[in-house]
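Next, two complexes with chain A in common: one pairs it with chain B, the other with chain C.
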Partner chain A sequence: MNSKLKKYYPLLPVCVAYLILFLVGRNVTGIWQLVSTLLFYCALGQAFNIFLGMTGYVDFGYVAFLGVGTYGMATAVTGLAGYEGLGVGVIVIGFALAVIMATLLSMAVGAVALRLRGAYFAIATIGVNEGFRYLIEGANLWNGSSGMIFTAELNQILGRDLAGRVMTFWADILVLIIGVAAAVVTLLYMNSKIGYALTALREDEDAAKVMGIHVTKFKIIAFITSASFAGMVGAASWALKTPYVFPPEVFEIHYTIEAIIIVMLGGAGTLMGPLVGALIYGVSKYYLSIFLPGFQLFIFALVIIVIIVLFPEGVVGVLKGKTRNNRLKQLIL
Partner chain B sequence: MSLLRLENVTKQFGGLVAVNNVSFEIKEGEFLGIVGTNGSGKTTLFNVINGVFFPEQGRVFFNDMDITRTPSYKRAPLGIGRTFQIPRPFASATVRENIAVGAMFGTMGKQLNVDQSLEVADHVIERMGLGKHRLKSAGLLTPVEKKLMEIGRALAMRPRLLLMDEAMAGMHPNDIDDMVEMIISIGKEENIAIVAMVEHIMRAVVGMAEKLIVLDQGEKIVDAPTDEALADSRVVDAYLGKSGETKDA
Partner chain C sequence: MIFEQLMGNIVQGLILGAVYGMATMGLSLIFGVLKVVNVGHGAFIMVGAFITLFFFNTLGLNPLLAIPVAFAVGLAIGLLFYHTAIKRLLNAPELATLLATFSAGVLLEESIKLIFGSEFRGYNWDIGNIDLGFTALPVSKLYACLGSVLIALLLYIWFNRTRAGTAMRSVVEDSEGARVCGVNVQGAYAMSFAIGIGLTVASGVLLTMFIPVGINPYMGGGYTLKAFVIAVLGGLASPYGAFFGGLVFGFIENTSYTLFALLPGVEPFALTRFLSFMILLIILLIRPTGIIKAK
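Let's turn to the complex of A and B:
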């Protein structure tokens, strides 16, 4: 029993970090905006890590899953605006739709692209994001390039007061919950055969196959899981927080790049990594934009090069190596 | 009954015939040596048995089941294990995790959960004498340790057939003797047929093999009990050139 419980110890620092983030946000005036951004980065990194970190495959079209998630919530809210009795139920339906849409897109992309190896996969995914955006604009799906604005509908269903609180507070809390849930799923995967299979295929795909691992199956599992969390992050952080959606904004590739930086910086494939990466990245981006406006991207380019050359395993990867022989080791994963 | 049977297998890469019309069979628990010089088609033959490549012609049977076009990840659970010429550990994982992967997806894979697989790994680690490296990242092992770990990983699959690609290359002769002895004793205990492939006629491997298959330029030139095979003039020719050839040149 005790050893079973021990497997979940690494969740402790994750939860503590989120708790501190929450308490700081609630008790320090004027900081909720920053905390909200950090929560977004944490959840984004945590979700992306399930794919990038665990499989070692880089998906340059990742933001598309946040995009369709945003559209999922938007569609639910606009479509159900007449049913005022639904109340908060509309958010639940919105999340379900976001997950379904992100899952469908990831299955379509994964079924084709995941048969490709490493760099070829990365190249194939670059097109997905742009292609999907132009499909929405060109085929005039979901109002095409004029986007969807659904503040009024949200007000109508939830009532003005509650809608306001959802936008300014509860949306962020939902992002926090999604981040924690993504961490829990990551740990469950790590402790199961899925995690072992993913580690094996990340390290040596051919050897993994010979060992009896159906590599495509496990890559698709990781891809779909990661994508559905991304859909939820989009639905919460983009659709509920700012109830409008325009294709150029939700299919903006720099979010993918940010996700990659966060995961690499913190430690790809580790449980704590995305959280640590998100906090370092988010805080430094915030202060850089105040003190050195315009230079953030330049500085991050340098930071990334330094990380990849000096400690490719990321902050948590290094910590893991250092704590291998002491009592902290069961907390760091 | 034969465990593995190849019937007229041919594998080509463009114009190059890497394996040409090769047939042979191996019985349960047998120790077979495949010998051949560099480029004679040994590794390709392994890749065909293993499902990495599918042959253009011919058939492969395992336990009388046609596996000619069965993907490699489905062959491992049937009982075909393999080690590589250059060890391919899952570098970031520990030795224990590496070996557990073998148990998890091998012939017992369906019955074993993660914890049970880790237990299997611990037994194998003891057996392979890797105890003090149990929790080390596999990438940090020495080449010989990596080799041992890879054999352990394959044994944890509980295979019926173990393919060993140049398993002893680059090892000290004393280590080779020990290792071959250990592998054979495990093979006998667990009734695993072993196909060991070597480039040179190595005393240790060849001496203990019950049967030898000699490949030359993709073709099987000899398939006989070890003593006979070694005395065969074609084997000598394949390794040293035909007698008289050097004089003519």
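Let's turn to the complex of A and C:
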């Protein structure tokens, strides 16, 4: 019993961190904006980590899943605005649609890309966001390049008061829940056959194959899980928080860059890493934008190169090494 | 009428394709020798474009003179980047070099943005047209095409007729064996990385002849994607394959744009870019080792 519970100890620091974040945001005036950005980065990193961290494959088109998630929510809200009495149900349908669309896209991409190794995989994914953006613009899907604005529909469905609360508060809470859920799923995977298989394939894919591990199956599981969380993040943080969607914005590679920075900074493949990375990245980006506006990405690009060359295991990876022999060990994963 | 338009497309496409091909040779060279994919490829092209801009707008010089300078700048950036980062990552998991080259691209984009700002710029080098009857060909584009072919030939000669080039080929074939025979393998790695980056930056100069007002710190992303399509067409590891891949791709791009423009209710520019991405996926699906067999 006790040892079974012990497996879940590493969730404790994660939950404490989220709780502190929430309490600070609620009680310090004027800081909710920053907290909401941090929550977005936490969820983004946690979702990205499920794939990048656990498999060691880099998906450069990751933002496409956030983009289609945003479109999923937008479709539900605009399509169901005419039906009376659905209320919050529309949001639930929107999330379902976001997950379904992100899953479908990840299956389509994965079918090609996951059969390929390392370098070829990266090449196959690097254009996914651009490709999907140009498909929407070129074929005039979902209004093409003019995008969708659905503030009026959201007001109509939820009523003006609730819609306002959703945009300023509940969307962020949903992002928080998604972030925690992604962390729980990460831990569940780590403690199960999936996690062991992924670790084996990350360390040596050929050896894992020889040992009888169905590597493609486990890569697909991680890829789809990671993508559907991204779809939810997009639906909550982009579609609900700011009820409009324009193709160039939601397929912007900038967000993939941020996800990479967050995961590598915190420690790829660790449970706490994305959270730590997101907090460091979010807070320092915030202050850099005040003191050195325009220099944020320049500095972080340098930081990433330094991290990759000097300590590729990230902050949490280093901490893990330091706590190997003491009682904190079981808390850090 | 449609025949003339198509003929025009073939010629324009092949001319652009030669430049595309040359712009991808650096990528293939680096992958072929070091097995490193330069994910920041487009950013290096962008640096070349800005060097051209500086030559033409600030110094008032002929843009073609920027080619050797861009090549030298590329060599310097390549050597610096190789010795600070890539060298230490060659034995690390693939993830490391992918993220490092990606970050290097971001770093270049941000540096150029901080120096020049992020608005779109351009220059106008008007030195007349050649009228072929069915299409008018700007002389500047013709120079760009000839420049690409010349550079590709020089690379070929350097690879096959010089000691350093032969040493590099031996490293590609069998790095252990080359080491035993006294080839400086580390040196060959550094040199091919630097030359690859040099070629890429130099190709940025040639590409500006096709984009009159499209120069911006973030212009590289589209070229990274195109370069991957081209490189994969040519088999990824072969610079000459890349050159022919470029010809094929330039032709496809130009023709499909014209054909998409005939369809009602679509944006041909966006669909063309979607098509290039689909070509990439299809080739990777059916033959990741490349369609064109080049030695």
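In this text, the second predicted complex is superposed on the first by the 333 of 333 C-alpha atoms of A that agree within 3 Å, B and C clash if a C-alpha of one lies under 4 Å from a C-alpha of the other, contacts with A are read in each partner's own complex, and residues count from 1 in each chain.
Here is the rule we go by: a contact is a pair of C-beta atoms (placed from the backbone, for glycine too) under 8 Å apart; a residue touches a chain by one contact, two chains touch by 3 or more.
Worth saying up front: this structure is predicted, and the values here are computed from it rather than measured.
Identify whether chain B and chain C fit side by side or clash on chain A in the overlaid structures.
With chain A as the common anchor, chain B and chain C both fit in the superposed model.
Quick check for you: in the superposed arrangement, does A:D206 touch first (chain B), second (chain C), both or neither?
Once the two structures are laid over each other on A, A:D206 reaches chain B alone.
For A:V215 in the superposed arrangement: first (chain B), second (chain C), both or neither?
It touches chain B, and chain C stays clear.
Once the structures are superposed on A, label A:V309 by its partner contacts, choosing first (chain B), second (chain C), both or neither.
A:V309: touches chain C, not chain B.
Thinking of the overlay built on chain A, is A:I290 touched by chain B (first), by chain C (second), by both, or by neither?
So A:I290 meets neither chain B nor chain C here.
Thinking of the overlay built on chain A, is A:L5 touched by chain B (first), by chain C (second), by both, or by neither?
neither
Looking only at chain A, is it chain B or chain C that touches more of its residues?
Touched residues of chain A are more numerous for C.
Once the two complexes are aligned on their shared chain, state how close chain B comes to chain C by Cα atoms, in whole Å.
11
Does any part of chain A touch chain B in one structure and chain C in the other, and if so which residues?
202
Hey, which residues of chain A end up touching chain B in the complex?
191-193, 196-197, 199-200, 202-204, 206-215, 269, 324
Using the touch rule from the top, collect the residues of chain C that touch chain A in their complex.
Where chain C meets chain A, its residues are 31, 35, 37, 39, 84-85, 88-89, 92-96, 98-100, 102-104, 106-107, 109-111, 113-114, 221-222, 224-225, 228, 231-232, 236, 260, 265-274, 276-278, 280-281, 284-285, 288.
Considering the complex alone, what residue numbers of chain B touch chain A?
So the residues of chain B in touch with chain A come to 50, 52, 71-77, 82, 84, 88-93, 97, 100-102, 104-106, 109, 113-114, 135, 153, 157.
Within the complex, which stretch of chain A touches chain C?
On the chain A side, the touching residues are 52, 56-58, 60, 112-113, 115-116, 118-120, 122-124, 126-128, 130-131, 133-135, 137-140, 144-145, 202, 253, 257, 260, 264, 268, 294-295, 297-298, 301-302, 304-305, 308-309, 312.
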